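Reviewing the structure listed below.
The letters A, B and C name the chains in turn, as written, and every chain counts its residues from 1.
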């Protein structure tokens, strides 16, 4: 009997510890969100969302072109990064018996851990030195950051599809590639979408590689071979500036960025919702 | 490794073996009573009834095993054979009872020597067949079982021979003639059932369906 | 070339890496009959049936040798496309495996859709026919858009059977189809199997001997990768020729 009482006490103690840990994990999240919303909300108005970046001393201004730039950069990067990441993920999951597979996985893991500034410098060397600071260069660097994330999450999502599903399709006389495309991928689409989302969120917030491939820019889009404004970079530049209105702009930009990412999450969730 | 069905099979087997011994005793008692002219009727009757009871029990047991254990192959053949054999044993008892009933007319004590001799010979042979049928069942000895075929032919010829002699000698219709005619008929039938038992034993042991007559 | 045998299996051997799983199997499987394959765990019966539709070789490290004549043609010949072979044979697995993201309708139509058939009328009629064949139509006809996974175990298995039947195979290969089901669902599927035997050749692997006895016309007994005995079910279960078979089916081992 005494044993049981002690167990109950231990159990309760552990529960409390776990709840405390949860709180400690949630506090930073909510405090950051709260701060961003509080400090940034005051900046949001129509002007803010439609005006381009202001110069030194200019009043007002907004994040319109920065939004445009971020969307462009992230979009372009996805065009390159998502297909490559998807294909790699499919390769690692569905063709894991080939000899190439362990090597691919290894290099993918290495790339995953690369410091983003180093990838940025790589992008500088390849693209900027020939074409100059540009959206293309930024997209290139961001794509490289994106690929390992998409690869890994795609592979994990595909692995979760039970082998019996593949077997059933093959037994029906469906060629292997079609099995993967029609049956396995659709079974994993929620996981894959989540993975792509994660990678989008990651690169939307990268400032260091953008800095070395595109630089600070405050005008609208002027061509793929030219730079364009960027939300993450703007936040960095404005936040460390001595101008108060720029600092306010920084908070506003942060709020916009967070909202943008949240928006993408919601949309993707809606589209990949299971019908059942 | 013992299987679930084994306990039931053992119970059924001991029932059948017990029945065999009982049947042999019944036939022996009854034939003896007839030949010596002693009254064995009550005893034979109660033994015969016991045989019928055991046959019923055995049949129920066999069906229980079938329903519960879905036996196949050798197990199934054993059950099929046992059910036939218990019927044949019960028939032994029945014919033994018939002989005892006839014996109440008077038995062979007062009859001619040649009649007594013939009946005695035939009875010994048939009782031997009953004994063999029980023994070969216990040991699953198919050779013994097959040997019954030969003996049955002998009994058959003894049967016809006796009837012929009766017709030849044409004694006046009296107790001995009538009772002996009936009794040799029963003896011939007992011999037949012994061969049926032999056939069932061969099926049980080898799966072969033969005719021994 | 007319032959009453759907399959003629000659010197079939199969390996998983270095493990020799099937040893020199020779067997002729009659068409439009049910052939059961029985044997203790690990005897190779699942491997055997998977060699019939070339599913064994998709496992890395698996190897097959020998000939399997299907309608007179060796399916292991170099020129033969395994995908085409698999279309002619429906397969049902131990654990029901309907496609999880698809509705009942889509599950049954999957084989056809994935082969390019888009005509809605044709799909509708095939789905209905297949579900009726699998004795599932009445239970699901009111809501074909329900998820395949929302059905009970027995219904899911019948759904898988319907899915296999939809591509109009000639053969149904069933690997312990009732293992995961309750007795009533099992009985329904056994009845279904006997009905299927009128038009299809059925090969069923089962570890349940009574099921093999109930459902099949011919029975093959495999032990440690070898074919020990093969014959009409009635003979195998009344008077088997091999002592090993006798011991196995009376439960003395296995």
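Here is the rule we use: a residue touches a chain if its C-beta (ideal position, glycine included) is under 8 Å from a C-beta of that chain, and two chains touch if they have at least 3 such contacts.
What you see is a predicted model, and the numbers here were worked out from it, not measured in a lab.
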{"item": "Contact distance in steps, from subunit A to subunit B", "value": "2"}
{"item": "Central chain (by mean CA position)", "value": "C"}
{"item": "Chain of greatest Cα-centre distance to subunit C", "value": "B"}
{"item": "Inter-chain centre distance, subunit A versus subunit B - centres from mean C-alpha coordinates, in Å", "value": "95"}
{"item": "For subunit B paired with subunit C, centre-to-centre distance based on mean C-alpha positions, whole Å", "value": "52"}
{"item": "Whole-Å gap separating subunit A and subunit C, where each centre is the average of the chain's CA atoms", "value": "47"}
{"item": "Footprint of subunit C on subunit A - complex, ascending", "value": "97, 162, 164-165, 167-175, 178, 182-183, 186-187, 189, 274-276"}
{"item": "Footprint of subunit B on subunit C - complex, ascending", "value": "209-210, 213, 237-240, 245-246, 249-253"}
{"item": "Contact footprint of subunit A on subunit C as seen in their complex", "value": "53, 55, 58, 60, 83-91, 93, 95, 97-101, 103, 110-111, 114-115, 146-147, 149-150, 160, 163-164, 167"}
{"item": "Complex contact set, residues of subunit B against subunit C", "value": "1, 3-5, 70-77, 207"}
